[in-house]
Amino acid sequence: MAQMNLLEAIRQGMDEEMEHDPRVFITGEDVGPRGGVFRVTQGLFEKYGPTRIIDSPLAELSIVGVGIGAALADLRPICEIQFADFIHPAMNQIMNEAARMYYRSGGTWTVPMVIRAPYGGGVGGGLYHSQSVEAFFAHTPGLKVIIPSTPYDAKGLIKSAIRDPNPVLFFETKKGYRLIKGDVPEGEYTVPIGEARVAREGSDLTVYSYGMMAHYAMQAAERVSQTDGIEAEVVDLRTLLPLDTKTVLESFKKTGKALIVHEDNLTMGFGAEIAAILASDGFEYMDAPIQRLCAPDIPGVPFSHPMQDYFMLNPTKIADAIRDLAAY
Amino acid sequence: MAKNTTDKVRNGRATPTSRPSDSLTKDTLLEMYWKMLLSRRVDERAWMIHRQGKIVFHISAIGQEAIQVAAAYTIHLGVDYIVPYYRDLALVLCAGVTPEDFMISLYGKEGELSSLARQMPSHFGAKPFNIVSTSAPVATQVVHAAGMAFAIKYRIQNELQDPNDRTQPRLAVTSLGEGSTSQGEWHEAMNWAGVHQLPFICIVQNNHYAISVPVDKQMAVPNVADRAAAYGVEGIIVDGNDVLACYDVMHYAVQKAYRGDGPTLIEAKTYRMTPHSSDDDDRTYRERSEVDAWRDKDPLLRLANHLKAQGLLTDAVIEGYDKRARKIVDEAQRAAEERPYPPGESAIAPVYAEAN
Amino acid sequence: MATKVIMPQLGESVVEGTVNTWLKKIGDRVDEYEALLEVSTDKVDSEIPAPASGTLLEIYVEAGTTVGTGTVLCLIGEPGEKSSEVPDHHENGKHHPPAKIEPSEEKRGTRLSPVVARMVAEHQLDVHKISGTGRDGRVTKKDVESYLESQTKDEELPPWERPGSGDLFKPTDTEEEAPARAIPVESIPKGVPGELIQLNAMRRAIADHMVQSKLHTAPHVTTVFEADLTNVLKHLEANKPQAARQGINLTLTAYFVAAIVEACRTQPIINSQWMEDGIYLHHHIHVGMAVALDNGLIVPVIKNAERLNLIGLAAQVNDLAQRARNKQLTADEVKGGTITLTNHGVSGSLFATPIINQPQSAIVGVGLMEKRVKVINDAIAIRPCCYISLTFDHRVADGATGDSFMMKMKTTLENWPER
């Protein structure tokens, strides 16, 4: 089994799908000879050439809009948005067009496309290279939203996303691109969309998270296990939409305590939905107020280091929140 | 690579000596007239049943039928991609949508063709005829047309499609109003079409108004087509009420696309002879005299006069057409009225496509 | 208004207590916090301080009587105050429902989380009988679960699944029942010289626990090693004065606890608990230390022994032993052990087979230390030695595991640095 980082796993997943299906192509800013600003598409231009790895104009709206058209015409576009922060110009195309196409055509026109975007802070990116934007899309029926936290899941999920007949938002933690490493088996496998993963079993409480924060949650859970004897269960949601409510509730029924952790700011964040589901469908199992550990409600991750550190969560902050909830 | 022949092809004459419309047969010409007439009668009925309180909304194509029918008669219907806008009633009626389909959409009845009655009327779409589903924010569809044209080029380049295979789509045609060209979406779509020289035809139906706002408040140039050069796209202006002139420029653009010679912008100068929609009152922003002046240029009337002058059409034939259209519209309306509404719970699905 | 004095809940899972002695009699003046009576439970003996100043007006529960926690024991007030204000909890006898008002309850509040409310309703529990370990004493879901676990299985069965106690439907298959009975109690013919010693709560609790552990719960097995304490004694001698300056009486017990911690690290399975669905491996080592009292035995617990060095352990040993003898232990200090040490050598025993303190899996016995003749390098030597034994739950571990544990204990003691 090969050890690789998150970025390499995503690349390998796309590479395999491009080999397997000639309809799959990649477009976006600098995806060609440059290999993407994060180098996710590195080597693919050399392998597949300019007809399948297409440097787009510097215009997110049409990266997505042209992708939608290509998908309507039965291609399998992978549209890369250079930073999730820059996805907003394409909002109309994603929400009004891609998300609604299947429904508004009575289930006749499909948009089998993937929109990839690196998200998240902690890399000195300031307000416009650090955003977490998943909540906007997770609110939109017709889209699927994936945020993997391990190389294994990243490869398995990007392959599922490319094969999915619906528009899929695939958000990649840029901080974790090279930081997160793990085993990725040789050969064909996929990870199904819509299934959460119990990343760590525990009985005292459940931490719900995804992406970079799921990675940190695992570290925090191991730490409190060693220092405090607290056994936290960690549920890595992996797919936000459609959400695996079954796994979410099963864990809550077991532990009765929930700590929801995300890097996106608190208000109307994805954690609110998890909290609502637990409150309505898990009420009789609730043993503590549902806790959310999220970024503050400010318009972005500030640039200067101390402010960035203040904004960002980390294993220590998560461990403290776990201890606090365990003691309730 | 980029072409700008805007000046050469003004006034609908692609080439002054031989016109493609010259070779249209009598049958085809009468058929085109019939399609324009049928669209007109269906449209008029929609206004009437709205004023009777039977339906809640209608948005009209009256006055713009010529360019739409011309487009339909130049592309490969059912095969080429059509990415319409909400005034393209005549175009979709040519492409396979029936008056009954349209009536059902006006009433929002069960099994509605474009959206299972989820969308408002005139948000056209019909997968069997390769008519793409459309939304209401304007110009969003132009980017899709660019993407579909891109897909055609992609398939040819990557040897997934034989460029001469007439069973495969060979172009994407889209339309929009002149006001919608103020949207960034139109700009970005034109840019892609120009950069990749796509088999893409953008028809701007310049009907002089975006609801109430006239052209000179949309743009600082007199013609939308003037902008085409900036994208490396050929821009052509045509008299949008002259169906044969429209046929000529469409024929030129379609053949160019089929040859792989790149995109075309066609600006059809026409006039919206009705208010914007059933909810609008155009008396608040334009003079009746202006509207009346355009009545004389009504494309239906002009084609009738032309065909009569050619000895291809008589008043008796027109009367026969009208009777036939009336019967079709009556039956379509009755069928729509008798049709049940969809059950409320059918709102739920489908939202996601299942993997094959 | 007169103040009611109730039987306190002297620890988690404690549901009743016995009035040992009244230290005041009716009519006596009492000051707030002055010792009023002595109470014993199966966990701990304690003096109960008066909750208010005044005159002892009424005593409702006589010495020697066991009542449920929350039962009103006596009334303190001003002379002439009516006793009718006392709720009708003054009846003597066992298993009274708890008083509605209990100081500790008020402090913790009665807010229940949804899951606790549901479980309490489902199992028809009295939530006041459940000790809370959550913030401010809140009853957590886990508290309810462990409470349910502590109930006998019979209580979890619906009533129709439990045998009736009347003659008519009394089970006749008494042989099946036999193991459940304690030692047959024979009546003593009249005239046999002797006297009946009343069972106090502690004696009864010890007896129940021993029967439960040995006869109904764990298959016991014992392995015995001998340890040469030469190095330990040298170290003790070298460090005793220094410890004394810190007010710590360094004794051999601390070394044995330290050796147990080392051995647990080698064989963590010994520091565990048998569960229905598996073996619960404790991540912390809480060492119970048996302390003999005049009339019984108590086992205070050194919590998180793995975090303490020798001096830290010695301090704990001193403190717990002293307060055990002075009856000053709190209920929680005698709870939560994961393994137990009993130093039966102090009473001259060479080696023994102690009974496991449930729900733990093992108990370490230390025998009499004495100088023994040993053959070392083919020469005869005189060495201070003692037998150390491990009695463990054979369901949890096999013989080799127990032996490995003991070998680690032995080598830890024998290889102790001399200084």
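A, B and C are the chain letters, set down in written order, and residue numbers restart from 1 in every chain.
Just so it is clear, contacts are C-beta pairs under 8 Å (C-beta built on N, C-alpha and C of every residue); 3 or more make two chains touch, one makes a residue touch a chain.
This one's a predicted model, so the numbers in the text were calculated from it and none came from an experiment.
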Centre-most chain, if every chain is reduced to its averaged C-alpha atoms:
A
Using the touch rule from the top, point out the two chains with the most contacting C-beta pairs.
A-B
Of all chains, the one whose CA centroid lies most distant from that of subunit B is C
Taking each chain's centre as the mean position of its Cα atoms, how many Å separate subunit A from subunit C?
52
Separation of mean Cα positions, subunit B and subunit A [Å, integer]
41
Could you grab the centroid distance between subunit B and subunit C? Build each centroid from C-alpha atoms only and quote it in angstrom.
89
Of all residues in subunit A, those that touch subunit B in their complex:
22-23, 25, 51-52, 57, 59, 61-62, 65-75, 77, 89, 92-93, 96-97, 100-110, 112, 141-142, 144, 163-166, 242
The answer for subunit A against subunit C in the complex is residues 204, 225-226, 229, 256, 283-288, 327-328
Would you pull the subunit C residues touching subunit A in the complex into a rising list?
113-116, 118, 134-135, 138, 140-142, 283-284
Within their complex, state which residues of subunit B touch subunit A.
81, 83, 112, 114-116, 118-119, 123, 125, 127, 132-133, 135, 137, 140, 143-152, 154-155, 157-158, 160, 169, 172, 184-185, 188-189, 191-192, 195, 349-356
